[in-house]
């Protein structure tokens, strides 16, 4: 089952895009401290430039899964490689991977004690060791790109949810990552602000960024995703192009899930 | 490249290795520092010819103690002297807990009174007491207040009768005889019955809209019985002054004890008042309004809705206030009340054994605080469970 | 008197106080009873106190020893150093206030003006030589002026705020140098420091010195490493479980024993060490409260951006945690300021200690009430001002950001 899934995923990945695997997860298993088996053997390969949307009911392990890609969650069994770097207890590897993987969270997680500009420049200055002027120049360009240049000197608390999330995207991009992870980026937003964040993500995808997105936004998945993946109960149920996923789902679990959300 | 077998991680790059190394280094650092201290201590003690040992506890203390709840004379051992100190501390601390809780709740609730004078007075009390040092307050109670009491020939007489003079405070006190304990048990039983009856009455009133008159009669009867026990059964000994300057009967409290008790109670009470006030405030306005809209009277709201909820917020911080009171009782030294710390410091001066005395002191105070915490945690659990 | 007043004032003015009385003091018979009883007791106490204060009390003990209360046995010919220090601190406080309040519409609001003029009046009434009264007034004016200047400057240069903490650090060193002497100034031995000067010096030094240890302990207690957590917890609980006086006592007796022969820090240093070790445990608990208030998402976001643990703590977690715990830390400082009185038991001549020394002087024997009331007012003034300030700060922290 797992084997055939992996092949299927790779087949889908072959469709038109350069096939250089950026994330390779093989049979990843995770238990929490209370022995809850959160991931029960998940395999997924994400190629360069690909946009993968992960869907699934809450508690299905989808957030846990993408959080293993930058070592926010540990895993006990299986193997994850990010851009050819093995993700394990190796401090140097973890540091390298985190520098290459940007992440956007459901709750934005901006640093409330710093201005928007400082939020964006902090990591480039301290982690990438860029001079302040360069970091600020890059930050201003990114803030312009996500459309909040005027708010650069405000504090996160003074911005709307949508604006905060766009700052968070700019903050992640400032590290010039090769891969972007989105963990339910629009779930904490008021409905009228969802669009502005999705637009930014859309343009990011168009620019060729490798993205893994956990979301419930079907419209986004249809429009942008190269592949849509369904996870349930810590397992990967189905992975297909959005066309096939939404119109011709293979698995019963997928059909049930789609009937619930559509 | 992904299929190539992993080379083993170099150990200096493994986070588990660094976690272990870090902990070992810290442990080694702490142990190293302590061993330096203790080798210095050893050298210093060798020079003075003292060996670390608790043998001195058996020796005769040869100092007298002002107040001794158990028989003690200077020829008794240091151990017994320390026991006297512990009992003296407990005497202040336990009575202090009861009084300071009463004072604190009273002042805390008074800050919500609709009487302007009472409200402002409660505020003034809290602001003055919290913003002046406890030691200064204790010294103030002892020197300018209690020491300026008149000589025993012309005591201040309060209703009771209570006599106050330079030689002490004389209070009426029950005769401690086997009968007293029986009456006390009866009284406590009556109190428990009264609480049960009260809750039953409230339940009836709320659930069945009854007037609760029969239970009220029961309560009044219990009250009368209780009053009878307290006035007659306890066989009060009343202090008397047959000849000027001499008092017989009743209970004598020394000025040192009274000053310490009053100082600690007044000081801690202000903090408890703040806790009570914050606890009542924490019960949201919505709760008040919801309860009022159900048609409960404002007294019923306080009793049935607000106070039980406030109690949940109030009890955890009370723990640290009780611990503070226990620790602060060590300031007795400044006004000459022979509590644990003061006895220990006299012993220290005589024996020159700071380390041993410090270990004894620390373990005794830690035990005391641990017991307070245990009791308070138990109480806390009771309140929290009841609410669920 | 009353009748002429009532006829002169319009009727509604007369009715209003009565309605107020009825509503606030006599709205039920129980409240009326309470009011009368309390009022009676208060009136009696007030009259008793006033007769004592005016008729019986002998206030000469205060002016006769004023320098002792404030600076102990600090040599009089070196007082100028302390005045200079006060002026520097006053100017810097004013500047800080001005910078912090740069967004406020009016700096000198009515309460502030009232406070300032009361302070100035108090300064003029202190029974010292006129020149010192002028100094006091001058320092007040300097801080007012620098507050105004700081506000103007802060609007011009936004970087000013960052330099303030550095400026304060330098000021502490300068202040210490001015007090102690050396480097060209005459050295004043710490045995001659006393009174309010010593009280303030010890509490400020202890709270500053306990910061590094306290923050480390707080982090240690939250750590996932069992050894670190265990050691931190052991220290915190041990220190919080014993009375401060025992720690101070042992600080005086045991510190020399723990050090090699011949090394013997002076009394003040030992006292500060004892206070520091003590406050570190309490500070750790306060900072821990702040740490617990930081959402896990902050750590995760920092990790995801590639910050290592020390950078995450230093740049992201601690600044927020300390900001949250500032009111608690101010509260702790008020407690510490009061706790310095305990040093009088171990023989230091801080404000309470020097008062007890003065009372031991045959000339002032038995003037307990006067002396203790006087220093009580000083302690109260400091602590009350700080607690008001901390409440303001708390409100600002609650309304600003978020």
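Going in written order, the chains are labelled A, B and C, and every chain counts its residues from 1.
Basically, a contact is a pair of C-beta atoms (placed from the backbone, for glycine too) under 8 Å apart; a residue touches a chain by one contact, two chains touch by 3 or more.
Keep in mind it's a predicted model, so treat the numbers as computed, not measured.
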{"item": "Chain closest to the middle [Cα centroid of all protein chains]", "value": "C"}
{"item": "Pair of chains joined by more contacts [C-beta pairs], B-C or A-C", "value": "B-C"}
{"item": "Chain whose Cα centroid lies at the greatest distance from that of chain B", "value": "A"}
{"item": "Approximate Å spacing (C-alpha centroids) for the pair chain A, chain B", "value": "56"}
{"item": "For chain A paired with chain C, centre-to-centre distance based on mean C-alpha positions, whole Å", "value": "50"}
{"item": "Whole-Å gap between the CA centroids of chain B and chain C", "value": "27"}
{"item": "Multi-chain contact residues (two or more partners), chain B", "value": "none"}
{"item": "Contacts with two or more other chains, residues of chain C listed in rising order", "value": "none"}
{"item": "Per-residue overlap in chain A, given as positions that touch at least 2 other chains", "value": "none"}
{"item": "Chain B contact footprint on chain A (complex, rising order)", "value": "21, 24, 81, 84, 86, 88-94"}
{"item": "Residues of chain B defined as touching chain A within the complex", "value": "1-2, 6, 9, 13-16, 18"}
{"item": "Contacting residues of chain C [partner chain B, same complex]", "value": "24-25, 27, 31, 34-35, 38-39, 42, 225-228, 231, 238, 241-246, 249-250, 253-254, 256-261, 334, 338-339, 341-342, 344-345, 352, 368-369, 372, 375-376, 379-380, 383-384, 387"}
{"item": "In the complex with chain A, residue positions of chain C that touch it", "value": "295, 297-298, 300-301, 303-308, 311, 315-316, 319-320, 323, 401-402"}
{"item": "Parts of chain B lying in touch with chain C, wherever the complex brings them together", "value": "19, 22-24, 26-27, 30, 37-38, 40-41, 43-45, 47, 113-118, 121, 127-128, 130-136, 139-140, 143-144, 147, 323, 327-331, 333-334, 341, 345, 348, 354-355, 358, 361-362, 365-366, 369-370"}
